[in-house]
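Got a structure for you, written out below as structure tokens; questions coming shortly.
So that you can tell them apart, the chains are marked A, B, C and D in the order they are listed, and the count of residues begins at 1 in each.
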Amino acid sequence: MRTTYAARVVAAGAVAALALAAAVPAQAARIQATDPGVSKTEIVIGTTTPLTGPASPGYMYVAPAAKAYFDYVNSNGGINGRKINYVYLDDQYNPALTKKQTNQLILSNKIFAMFGALGTPSHSAVVADLNRRGIPDVFVNTGSSNFDNPSKYPMTFPFFPSYVVEAKVMGYYMANDATLNAKKKCLFYQDGEFGDNAKVGFAAAGTTFAAETSYYSGQQVAPFTSQVAKLKAAGCELVVFFGVTSATAQLLGTAAKSAFAPTWMITSVGSDPSVVGAALGAAGNTLLKGVYTPSFLVPIQDSTNPYVSQMKVIADKNALPWNFYTYYGLNTAYVLAQAIKAAGTDLTRASLINALQTKASTFRSAAIAPMLISAKSHQGLNGYYMGQYNATGQVERLTSYIMTATSATSGTAKKTTFKPGAPTSKLLP
Amino acid sequence: MKYFLPLTDPILEMVDISVKLSGLQILDSVSIGVPQGTVTGLIGPNGAGKTTVFNVISGFITADSGYLKVDGKKQKHVQPHHLTKKGIARTLQGVGLFPTMSALENVMIGGSSQVRSGIIAQALAMPWTDVEQNRLRAQSMAVLGELNIADAANRLPGELPYPIQKRVALARALVSDPQVLLLDEPAGGISAADISELADLIRSWVPKRTVLLVEHHMELVMEVCDLIWVLDAGKVIAAGTPDEVRRNPAVLAAYLGEDGAT
Amino acid sequence: MVNLLRLPGARFLSHLAIVFVIWAALMRINDGIDPLMSYYLALAAMYATAMFGMVILVGLSGQVSLGNGALMAIGGYVFALTSLNWQTVPILGWQWNPIWSMIFAGFGGIAVGLLIGWIGARLRGPYLAGLTLGIAVGIPAIATRFPEIFGGETGLMLTVPYPAGGYAPAAETVTIDEAPLAEVPLEQAPLDEVPLEQAPLEQAPLDTETAGAGDMLTADNFPSAESSPAAGDMLTADNFPSAESSPSALALPSESALPNDIDPTAAGDALLAGSAFVLERWQASLAVTAACIIGFFALNLVRGRQGRIWRAVRDDEVAAAVSGISPAGSKISAFVVSSFFAAIAGAVFAQILSYVGPGAFGLGLSLSLLVGVVLGGRASLGGAIIGGVLLVALPQLVFNIAGDRGWPANVTDNAPNLVYGLLVVLVVLIAPGGILGSLKDGTRRLLAKSRSAK
Amino acid sequence: MTTFIDYLLGGLGSGAIIALMALALVLIWRSTRVVNFAQVGQAMFTTFIALSIQTWTGSWYVALIGALAAGAVLGVIVQYLVLRPVKRSDTSGAIIATFGVLIALQAAAGMIWPGGSQAFPQPFNNSGIEFAGRVWPISIYDFVVIGITALLVLGLTLLFTKTSLGLSMRAAAFNPEVARLSGVRVSRVLTFGWALAGSVGAVAGVLVAPVSTISPNSFDILLVFAFVAAVIGGLDSLIGAISIGVFTGLVISLVSGYSDSGNAPVVALLLLALNLILKPEGIFSHHKARSV
């Protein structure tokens, strides 16, 4: 009896090892001659992003949109003769899974570069490893200010402006608009890094709030009634909201229910009109009218804009829903393609980094702010215009100028003008 | 009316124990003594409160009033698992064996109170834990041998006939080498031949051990007991030697009347 | 006849031998497989470590726990906080090293296990499940509550504690041509100095007005299958992922595609060359070693008196109590042991991820542990090993099956979870004893058949 | 003071929904001694069905009835295919199986209704009611939610106490063998319990969807709060589930209002632990400590 037990345990161990070996096709170790993931005919690019799970609504459209753009480029001959092989894996916004999928991309798919990895907590789990391995970590989709740190993360390039920048911009705009400035201002933010970054930005901008309240990101049951009651009791006239899109919809609905009608200013990541409008239903446009929101892309409804109209063609051809996330995914893929092109025919990781650090200001995109990437700062975009919802649920640009700022803990936003160039021919790099 | 027998040397005493469960008075000022070195019986019709007496002694039920004395010492907060440390072991109605363990393992569990080594020594498989286990295994085999069921040692309880299971349960109680043995219906469900063997067995333990016996099988009780307490509806109605109890009219009325007729 | 296995110390030696053989075999395997497999081995060993505790808690002591992932969080956070903040061992004053963090993580697990066990020992079935579910949700929530200590939602990043000597971590670090510079932190170049008009592009017209119709992408001139030779694969939604772009096909560039200019210092070399330090291999050694040490403890406990006691209390609390066993004590000890194992697994997890954060230790992890141990076989340690492998291999297998079928994205993306969920249900229904239990039953039945045939 | 009342009123609507979900858990526990973690998945799935019906017919009432029916059918399917074959003694097996169902349902919903969060049209006026010169954060819709909850509780209480079906359900739950001997068709009765619970869960889903949004995972947090409420309430008690469910909603609202919403899960955990220390079998449970 007892000896067979021992045998069973050994057998279980052996079965385990065999099953492990069988689960994933083993690959022969081979010395590679160049940077992984790039050959004369192909570049392998990887992404981890939530495609399923609680965080997937909205975000699930970004990677497929990028894929559609790369397919379009490939069907036009690729970039410098290389086709882009784009692999995106689902990480469900779970850092442990992000790590697993990133390892899969690096070790099995042998990616040349990581592109558009999404989510602050999930990307935090892998950013050090990507840098240690020398893998370009391009256009991270998170507003955390932590990733723009070239001395610590030389390979990492965040794309959209950090929440610190956004808060500074909001603070600047409120301070310089007499009507808004006269109002009693309050802040409502999502717990965690999102809200913390916002508070850093507002502190730097010198914005003070009469009341602050927050919500827990996992909270779906309670529709913000108590938070709204608190803001109402404090007599807020202008409420700045730093939260995600689904929360925006809940907030506006709850406020309407409580007859609380302050002036709203909502963060760009929380104000996709297609999602907010859909969530609010018929009353959506009425509730959204007059809401301020900063933005860093040409308004998605501006169909006369050559960026918007051409990206919509790609989206339509791939049967992708035309919303902010699709638009955003197409746009970042477009910028990456230009960066790869700029890195030259002898594409290496070093040449890609070099191209990003020296030529970013020439890259075309639907962004209204310049790309000011340098060896000292890897932050892609740094500026916003201020927009406002009109009666038809569309964002109208209020400012002809833009406001730019850095992610540093001090310093305010600055007003400047930026004239974007036209898109490249047929939106090809 | 209360009975106070002039007991010499009681090893176990219940004094004025009352228990109420869900509004029912199960035990009402019960005082019972068990003299050392005797076989003492506890009888009564169904629902008289016999098993409750055992449960109070074992600590499964806390008495509303009254107290318990073991070896002359008053007991506070009796916990079931401290019982064997005090030298008291009990069997359960039916068999109450662990179904996933062999007979030997079942018996070894009964010797838990003798084991000194802690969980850290267990986790490290220190040699002395083996010494302890070997001693316990040897003891358990010896008890199984005493009860003539050594060949059942490696079988699961479910594979054994009922009388053998009863003996395994008995062995589990005996292995802790108790001074006092509480037997809850040891003759339940076994044959006449086995019962007479059981009677011899019980008598062979005294005076080294003291036995308190709850039993429905009157022949066994009358045969083995030195002293009998009779409970009815939560009260002690009689006490004495088998002959005294047999002749007691209150007992006959309450209980033996029906049973004695058979 | 003397049973050699009963001599004092024989159990110790035989268990040590079993564990050593497994350890040596796994370490040998670890040296021969490629880094990704090593990483999966590390994950499986880490899961198995935690599930040894689940076998004891769920299988032997009969208590259901939905919260062991949160107990792993305790170990992970203790590991992270001590290794980030302490330079010397408190009181003793010795130089800190990761082993100490592992030990403190274990102590943290024991302390929390005592507390939960104390509350949980009185609870049965769904009430205990309720408590542990609360723990699974509550402990990560506590981590987000105190961001100054626990790093909030973002968590804490760790530098992997490379073992001193023996490895050459430098082989893996890469310098890029224009190494961006250490001395400049977050401070950015002043924005005003930068020209804000976009620099002209050579190859394209600059603004909308001058862009000719031919340069604009429209639905009409969108490349179609006819107009472009390579376009056939790209343009229709139904043939979205083509065989050409499947992950397995692109794993390695083909031989002919390799350029001639060989640069031996390029990143990635170190990952494939056998001699240099390979992070995944180191992580796997760490996880396997921890799993074997914990497995040794578990083996001793399960196959000793303590294992009998746990089973006794699970089978019949009353009978166990009259045999001198404290049912509450036994349940608490099962909680403490499983919590200790979970904490060690959590500390290993922290090193595999080089990160701790509430998202990594969520309810999903707790459920995975329960799913794994039920699938593998909850009554024996072998079940935990199989469960650990399943947790790593199953999603991968299901993904491989579901991927690249040309289904719409929403179907492909959700297919792994659908199959996974159904598989879990099926195993519970068809093989309640888990895979190991079914194997045992199968062999027993076969043996019985052959015996009766004689 | 008005702020405090605002917080309380605000918590009432979500409390009623937690209560309904807890009620569904209790119904299944009572009939089959299983905690059905797939309940939120079933509710989510039937709410999507209701949304499809609503878009198709344009009637909220038809959608609600459709959800009731779909919830019952789904409950029966889950019970018949998954839970019935699991052994009654196999607690962890049953828990795992229900989680398996949850994972599968969420994945299936992601396949059938792609596109993330969707809005569920507001069937009634959801703006606050004006009274005594002030708008209070409670709407007609909240009254509909509370009213439907109250009606369901009343109906279920009557069912369990006054009808023979209810009595057989209680008998079957208490002791299936004895119930079978006394002529109760146990398996049919248990299946009815699952259908009933499925419908109650579906109602909870349809009621919460208009004030939140609906996505495959949108009810996950509801499961945690509902389960906590059901356990504190005593799992066996309809009234326990309802009152603790509402209480949980109020606590979440008060905690979010006076401190920070991130504290809500922590406070819920503390309440749960405290309750389990002081009264391990739940507040409204009739069970006595087990004797030998």
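Assume a residue touches a chain if its C-beta (ideal position, glycine included) is under 8 Å from a C-beta of that chain, and two chains touch if they have at least 3 such contacts.
The model shown is predicted, which means the values in this text are computed figures rather than measured ones.
Summarising the inter-chain layout, the chain whose CA centre lies farthest from the centre of chain C is B. More C-beta pairs touch across the A-C interface than across any other pair of chains. Chain C and chain D, compared by their mean Cα positions, are separated by 33 Å.
Taking the mean of the C-alpha atoms as each chain's centre, chain B and chain C sit 52 Å apart. Our note on geometry: chain B versus chain D, Cα centroid distance of 49 Å, whole angstroms.
Annotation: 27 Å between the Cα-based centres of chain A and chain C.
In chain B, the positions touching at least two other chains are 58, 60, 92. In chain A, 52, 60, 191, 216 are the positions where the chain touches two or more neighbouring chains simultaneously. Among all residues of chain C, those that touch two or more other chains are 141, 144, 318, 409, 413-414, 416-417. Interface residues of chain A, counted against chain D in their complex, comprise 52-54, 56-58, 60, 191, 213-216, 218-223, 225-230, 232-233, 245-246, 249-250, 253-254, 256-259, 275, 278-283, 321. Listed in rising order, the residues of chain C touching chain B in the complex are 6-12, 15, 297, 300-301, 304-306, 308-309, 311-312, 315-316, 318-327, 329, 333, 337. Chain D meets chain C in the complex at residues 29, 35, 82, 85-87, 90-97, 99-108, 110-111, 114-115, 224, 227-228, 230-231, 235, 262-263, 265-266, 268-270, 272-273, 276-277, 280-282, 292. Those residues of chain B that touch chain C in the shared complex are 58, 60, 79-85, 89-92, 96-101, 105, 108-113, 115, 117, 119, 122-134, 137, 172-173, 176.
Across the complex, chain D is touched by residues 58, 64, 66, 119, 122-123, 125-127, 129-131, 133-135, 137-138, 141-142, 144-145, 318, 363, 367, 370-371, 374, 378, 408-411, 413-418, 420-425, 428-429, 432 of chain C.
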